[in-house]
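Note that chain A is present in both complexes that follow, paired respectively with chain B and with chain C.
Right after this comes the complex of A and B.
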């Protein structure tokens, strides 16, 4: 199948994910400054609340997509030996997928 | 594809290449991006520990108080601050704000110096 507009799509993914992460990080830092959780209970209640766990999951989804587009650009620019490039892309992709599964596991199992 | 002239001059002496401030911001944006990618496992690991119960929360706090980890956190804070400032600069120039050379130079300086300033604040708070 011929894929169209992939460069445009990468450009859009990079910007949408960037704006979401900016908003999330701003909110996270302001919340930590204004109302810092003093102990485990407060932290756990805050992060595992339904709105916050959805927002956190979306943050990591944006982060992984953003990291993939960014690392792919860097590898395409600097690694010209095709086999090495493909191997590194595979490594980065596997690492990001593993991080994603890890985050899903954390948010899923601590939610209870 | 036309055959390239193999005799073309190549000048890769990095010490002698004049880097305008925008180029420095651009390459630093890439370097900080790769650093932040490498920091993802630390971030997820601390999140995991911190939600494992009061004991895990204590372990996460102890880990973040460990000097080499503090060093890593300061470097990652610099990387995040620079990457965000340079990223905002990018987003603004997409909508034609600061796309002209003088404004673009000024915002490049702001990203480079702002990133370092935030890292200094983080170092002051952590050390």
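Right after this comes the complex of A and C.
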């Protein structure tokens, strides 16, 4: 199954997502070191701010995309029986999709 | 000096085994190939290997020496850690002892169309190329197709049929940057496939073991950049000093 740009696109996604995650984590750690939240309300205000929400959501989207490309590569390397590989890819995809839904739930549900 | 050499004759042996040989080095024993041939001539003339030029340009005597692939004829023998373990190229089908079947390796090479594709009418003398355009081929045309790189590449181990491999991809690069070739986009489209090029994880075993100092991994990186239409400062690929086998 050869679709144009698929292989190159996956490779680019892996690298772009890695760079974004690196920047996000660096920013996150620096902020927690330099200006740590003193109490839960401070933390909550910071993390649910509109810019931070979007950035955090983007971080998890990058993480899931990165993980998908990585695991797909591993399965393509080692699993040569097509039916088994497709089944495992399906399981991995379902697992990551479930994790994605859980992230959405955590980020956007009101927690008391 | 003690040598432990992989032996397997499918007509006689049920399975491969390592055979030990002890031999006194003489002053004229400089390279590993010299010693292997003396072992064969003086101790066991059934020992089977390929060799030809004895100067590192034909690629026939590519074998695995103490875990690393290399050419026996240009590997200094006295520096090797004993017992020197000699094995055929990893994962290639063994025909006998140190001789492997190179068919699949050649098929991967042929699959990248290793010839100039140019349907324009032939000029009177030759298709011209400036010195700068010719320099772009440096670091890729020198490949002797010894298969040291490809048989040391883990991605090649896991997908020897579908992944083109470092040698094939280096030659693909050689034709992609050749100014006389007119099939550049077709070559790039052919390699833009999850298996053909993109099994490469930049492990760089290939560059590390190339006995000619070539860098297939750098060529593969440049092919990826070309697919992305990123303008890279091209010039040729630099040759690196060949790391010694110990």
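In this section, the second predicted complex is superposed on the first by the 107 of 112 C-alpha atoms of A that agree within 3 Å, B and C clash if a C-alpha of one lies under 4 Å from a C-alpha of the other, contacts with A are read in each partner's own complex, and residues count from 1 in each chain.
Simple rule for what comes next: a contact is a pair of C-beta atoms (placed from the backbone, for glycine too) under 8 Å apart; a residue touches a chain by one contact, two chains touch by 3 or more.
Every value quoted in this text rests on a predicted model; they were computed, and no experiment measured them.
A.B. asks: What is the contact status of A:76 with respect to chain B (first) and chain C (second): first, second, both, or neither?
C.D. replies: It touches chain C, and chain B stays clear.
A.B. asks: Mind telling me which of the two, chain B or chain C, contacts the most residues of chain A?
C.D. replies: More residues of chain A are touched by B.
A.B. asks: A:6 in the overlay: touching chain B, chain C, both, or neither? Say first, second, both or neither.
C.D. replies: second
A.B. asks: So in the complex, which bits of chain C are touching chain A?
C.D. replies: Interface residues on chain C, with respect to chain A: 155, 158-159, 189, 192-195, 197-199, 201, 224, 227-228.
A.B. asks: Can you name the residues of chain B that touch chain A in the complex?
C.D. replies: On the chain B side, the touching residues are 30, 33-34, 36-37, 40-41, 44, 47-48, 50-54, 57-58, 80, 84, 87-88, 91, 94.
A.B. asks: Touching chain C in the complex: which residues of chain A?
C.D. replies: Listed in rising order, the residues are 2, 4-8, 10-12, 73, 76-78, 80.
A.B. asks: Okay, in this complex, where on chain A does chain B touch?
C.D. replies: Listed in rising order, the residues are 15, 18-19, 22, 25, 39-40, 43-44, 47-48, 60, 63, 67, 70-71, 74, 92, 96, 99, 102-103, 106, 110.
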